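Scrolling down, you'll hit the structures one after another.
Two complexes come next, and they have one chain in common, subunit A, joined by subunit B in the first and subunit C in the second.
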Partner chain A sequence: MNGLMSRLFTIARAEWQLWLRQRLALGALLVFALLLVATSLVTALKASQEHHERTHQQAAAEASFLSQPDRHPHRMVHYGHYVFRIPAPLSMIDPGVDSVTGQSMFLEGHQQNTAMFADARASAELGGFENLTTALVYQLFLPLLLIAIGHGLIIREREDNTLAPLLAQGMTGIQLFAAKWMALAGLSLALLLPLAIMGAIAASQGAAVLASAAIIGLYALYVLVWCSLILLVSTCVRSRSIALGILTLCWLAAALIVPRIAVESASSAVPAPSKLETDINMQAELRTVGDGHNADSPNFQQLRANLLAQYDVTRVEDLPVNFRGMVAQSAEAGLTEVMNRHAEERMALEAAQARFAASFGWLSPVLTVSAGSRALAATDLATHHRFLREAEAVRFDFVQGLNRVHAEQLAYRDDINRNRDRQASRRTRMSADNWKVLDEFSFEPAAAGERIANASTPAAMLLAWLLMLTAIGILAARRMQP
Partner chain B sequence: MTATTGELEFLAKDRAALLWLGIALLVASLSVFLGLREVGAQRTVLGALVENDRAEREVLTGLHQDWGSVAYYTFHLTYDLPSDFAFAALGTRDTAPWKHRVRALALEGQIYETDADNPDFALIGRFDFAFAASMLVPLLLILLLHDLRSRERTAGRYELLSATSASAGSPWFARAALRVGALLLCLIVPLLIGGLLAATSASKLALASLVVTLHIGFWWGVCAAIDRLCWSSPVNLTALIGIWLALASIVPATIKGSVEAAVPLPDGGTIMLTQREAVNDAWDLPKSATMEPFIERHPEWAEYAEISESFEWKWYYAFQQVGDQVAEPLSNAYREGRIKRDRLAGRLAWLSPPALVERTLQGIAGTSMTDSIAYEQRVRDFHSTLRHYYYPRLFRDEAVSDASLRERPEFSAMNK
Partner chain C sequence: MTTMLFAKALSVERSGQRVLNNVSFKVDQGEVQALLGGNGAGKSTTLLTFLGFLTPASGSAQVQGKESRDDVGAARRAIAYLPEAATLYDHLNAYENLRYFLSLAKADAHRRTLDAALERVALQAEAREMRMHTYSKGMRQKVAIALAILRESPILLLDEPTSGLDPAAIDDFNRLVRELAEDGRTILLVTHDVYGACHVADRIHLLHKGELAGTFDRPSGIDRIDTEAVHAAFATHAAVS
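Here is the complex of A and B:
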């Protein structure tokens, strides 16, 4: 057994030495390495700069909220607050949807805003492949490199008439396949080294070690899928030219065509209304909740009656709480319930679209690895939704906190007379100490365990691809003839 | 004539070539079909939105008795209709908004809201004709042409073929020309059918066809140049794919990086914060701090600028406007920076034919960055007419009437 392994290893090593001598292979390797290093540096620098900037902006936004002077608490509801999404450490490998989703969001009373200032809206438009990232280089271009240097692994032996002697020396087709596979796989895994380094840097900056390791594992699985495919084609096809044509076609389909077809199919199979459509359609529903600025609105008759009964008084002026504040609280809760229901519906539809598109992973390992990679890097749709939900929780908490101050600390009589004169207006100013109802916001991606669970389906799909292609390859190799 | 027929017969027997041509036809047809479907869907959405938006405004009519509340509660839909060629290049329509609702409050707080689709979709991109023509077609052409000579050389027929033809190179030229022509047909025919279905103007279709033809011509030249180096087919193909990779991705990525470094933009968050601080500070400042800069911009309301109550709607809308005025330098810098980036990228795109084709097709389709910025400007203009409609009513303290409401401006889409 040991003798066999060393024989296989000898063949693999011969292959490596050959690649180092061939100018084409060596040139391609060098160009790829250069591209990878350059892209990685740019991606990592950008991520670290954004991390720095947004951390700073978040702190500034909190400081400016807390430093607001004494004023009517409802003014603070409209003053609002900003939250920024600080990129996860692993986004230096895969920035995912971060560039197309906005990174900052304005939180205020009575409405849910969208995330704003997506990079994509301000960046130069250059055809669709200008957003090179480390992840993209691995997903799209590493397979091309492997195809270029690996398609001839077995065909070359055939074309050079060295296959017959090899088989005659007692080497079986499967052994040759295994040796060549080792050669290509060895090279592929070596090319993952820059990824491993970035994973380690990310881990040192606070990424979960488990998630960093998982992302490297995922890409290892992915490149092995391509190794097996390349070996399979090299075993079955008799001419290098045809093998290269077939592999290029596979790449074209897997990298360029299927992912976009998946998007088109998902968008027609699972139609999701835009936020604007939802906003307009829920207006009628929001009106049944009522406008919290107008305490006299018939929508709050019931609330008035309940409060009067609860405190056993006959006029709102005699309530121990500020009725206007109570209305603001009740209206905010009602509006938020409606808005959240619609937001959740929308997010559920988007998640369903993503799942539908992911099923095309059975046709394209590129689509599969990119979904898994985004999930692990915490730059996927689910993480974006998590950001939206957490931002909403912050919004609701501070708005209701301020409304509570409005209801419990601000006298009703002062409140309704606030516009009478300067003195009256001054009486409605609440102490700035109350602004501490604002919670500190620091967005944390889901725990590594949860992200790994999310990435387990793509990983399983890749494993299935790998096993299937390797099995077919071995079957083909068993019947290998000179 | 017989030579051409011979070449046609040869092509008919070349199964690999037929496969690439078939894929080209399939890809082009599919992209046109999907583009038409997407544009149809966008029109349907807009049709429904326009209807709902109008109905929503009708519900509000009569609900509010003062102009301040009317202006506060009434939203207006603005939108950017897809052009008759948008099906071929959806362009920025998947990341930039093409529908937007505004009201007469400070615009800087509203204009950057983005009602985008599923971000996964925008990340991966749409399968439109521009993508097929700029990215996929060069690869298919490479696959078609890379081994025209080298295959014959491998088969040992090269010398014979070259020697028997009248002039050197001509059999190769005819053979390549036939394949290039066939590929062009596979692209243009679906595009023209799509154009007929979408009632696209002939000039746009002609221009787009010219762009596609030139692009294919460029890649034919590249293939011919590599072919002359007399390498083996696999080396040819590897080199050509390398060139494709460089021109389609590495060069554009470098251009993008340099353009963004050369033209920095003010941070979006800062624009928002500036505007918000200005609007909110107004509450605590003396009324004159708002009214003076407002009157500077709108001297026609000078005699109505006296604010005597602690809250008046005209003052409220004045500080909304002043908030925009304070953020204006930043906002202009942001817009001009984007225009400058786009212009620079447009010039540098000549270094990358695929990017140039994509941009040109987007330009013809009215879906480029320029068009998206132009739409933003139309939203600004509409918002400004809305303000000018409300100001006289607010400042003269007019009563809300149906007749006056009927004069309120409505956004009208521009047909492209």
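Here is the complex of A and C:
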């Protein structure tokens, strides 16, 4: 066994020596390394800057809300509040859908302001080409480099007539395949070193070590898939130019064509109404809930009757709670129920589109690795949806907290007379201490275990790709002839 | 004498075409034999069959008494094979090439051993550290022969070893082949150089369109096979085809 490994390593080492001595291979490696270093630096700096900015903005928004003077609580409902999604540490590797989704949200009463997707296009476009990230360099450019360097691994031996002497030394075709695979895999894994460094930096900034390790493992699996594909083509094809052509076509299909087909198919298979259409439908439904600013609206007659009966009084003026505040609470609950239902429906459609698009990962390892990478980096669609839900929970809590202050601390008589009576108006100004109903917002990525579980399907798909391509390659190598 | 190579009624097909038909010959230890013939005669096919790269359609190809297809590993361990173009790696120098192939064959690759083999094939010391792409064909051939020597394989299969060499290099090569045979190596070479084959071989097998068309032995006490007789037979077959 040691003897065999030593022979395989000898061939692999000779290949590395060749790449180091060939100007073309060395040049390509250097260009890729420079691109990777530059992209990694830019992505890491950008992520760090965004982290700093959003942390600062979140604190500033909270301070601004809490520093508001004494005033009517409903003015605070409309004053509103901002929440910011602080980028996950691993977004320095893969910003995922963050670049196409909103990172901040204005929270106010009676409205859900959100950056929703128009369709699956944004989620499935792999982040787009406009932002070159470390993840994109690994997903798109590393396979190209491996193709350029590795397409001739076995064909070259055949074309240069060194295959026969190699096999005549007692090597079998499978051993030669394994040795060349080791050479290419060794180079590929070495090129993951910058990714490992970034993973370590992310871990030092709070990313779960397990998630950082998993993202490196996922990309290792991905590059090994390309190694097996390249070796398979190099084993089966008899001309370097044809192998290069086939592998370039494979790259085009995996990186550009299949993702585009996946996005278009997802949009067709899971049609989603446009934002405008959704908004019009939602507004029509919201009108049936009633305007919380108008306590005399027929929509709140039942609430009035219930409260009068509950407190055994005949006039709202005699209620121990402010009827207007109670109406505001009821209206907000009703509006939120409608808005949440529409938001959930929309998010379910987006998730279904994303799932449909992800199933094309069986045709493209690029799609597969990008889905897994986003899940592990906590920059996927599911994480964005969680941000929307958590932000909405904060919005609802602080609005209802203010409405509760309105209902329980502000006298109804003062409330209805505040525009006519200066003293009443002064008394409706609630203490700023009440603004502490606002909870601090801190959006955290899902636990590492959950993210790894989410990435397990893409990882399993990549493993299936790897096993299938390697098995076919070994079968082809068994019949290797000079 | 031990029989090292034995083709027994050997027939081989490639891509559905019979390229070797019922060919029989044997090579004993210490002998130099040549397969002579034009293009497509089946010479290289015979070598590849002994190496186990091709499987006989019928008959057998035996190496040291064993069917090569039954134990390809053993056959290849016993054989040092030099393909037509001395195939070495251009980006490596002579030492690196030798070390590479020897390590694959699990043979000794110490610098002193390499130098001894390169001395024997008369490769200049100053050339040994130069990369192979700067070598002439003759120099490459010398390195390839050095490799065969270092492999210490009892059998050498040489495919067109003198093709493209200048006359002085051919003389050097023929001398070396004879020396190796005297050391006990068994050599089967493939060539279409009638003159060279007559000078170096103990026996020549003339192949024509996959069939054995004649065998010529070196008479005892004479240093070469009758060139004119071989040439005449070769020319006759060439004219017929």
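Heads up, the rule we're going with is that the second predicted complex is superposed on the first by the 466 of 482 C-alpha atoms of A that agree within 3 Å, B and C clash if a C-alpha of one lies under 4 Å from a C-alpha of the other, contacts with A are read in each partner's own complex, and residues count from 1 in each chain.
One rule holds in what follows: contacts are C-beta pairs under 8 Å (C-beta built on N, C-alpha and C of every residue); 3 or more make two chains touch, one makes a residue touch a chain.
All values derive from a computational prediction rather than experimental measurement.
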Touched partner set for A:Ser274, first subunit B, second subunit C, both or neither: first
Residue contacts with subunit A in the superposition, subunit B compared against subunit C: B
Which of subunit B and subunit C A:Gly170 touches, first, second, both or neither: second
Partner chain in contact with A:Gln481 - subunit B first, subunit C second, else both or neither: second
Touching partner for A:Gln22 - first (subunit B), second (subunit C), both, neither: second
First (subunit B), second (subunit C), both or neither touched by A:Thr10: second
Residues of subunit B touching subunit A in the complex: 16, 19, 23, 27, 30, 34, 37-38, 41, 45, 48-49, 52-53, 56, 59, 77, 91-92, 95-96, 99-101, 109, 112-127, 131, 134-136, 139-140, 143, 147, 150-151, 154, 232-235, 237-238, 241-242, 245, 248-250, 252-253, 255-257, 259-260, 265, 267-269, 272-273, 276-277, 280, 283-284, 309-311, 334, 337-338, 341-342, 344-345, 349, 352, 354-355, 357-359, 362, 368-369, 372
Residue ranges of subunit C in contact with subunit A within the complex: 48, 51, 53-54, 73, 76-77, 79-85, 87-92, 96, 100-101, 103-106
Residues on subunit A engaged by subunit B in the complex (per definition of touch): 24, 28, 31, 35, 39, 42, 53, 57, 60-61, 64, 69, 71, 75, 78-80, 82, 84, 96-97, 99-102, 104, 106, 113-118, 120-132, 140-141, 144, 148, 151-152, 240-242, 244-245, 248-249, 252, 256-257, 259-264, 266-268, 272, 274-277, 279-281, 283-284, 287, 350, 353-354, 357, 370, 380-381, 384, 418-422, 425
Complex interface listing, subunit A residues touching subunit C: 3, 6-7, 10-11, 14, 17-18, 21-22, 160-162, 164-171, 481-482
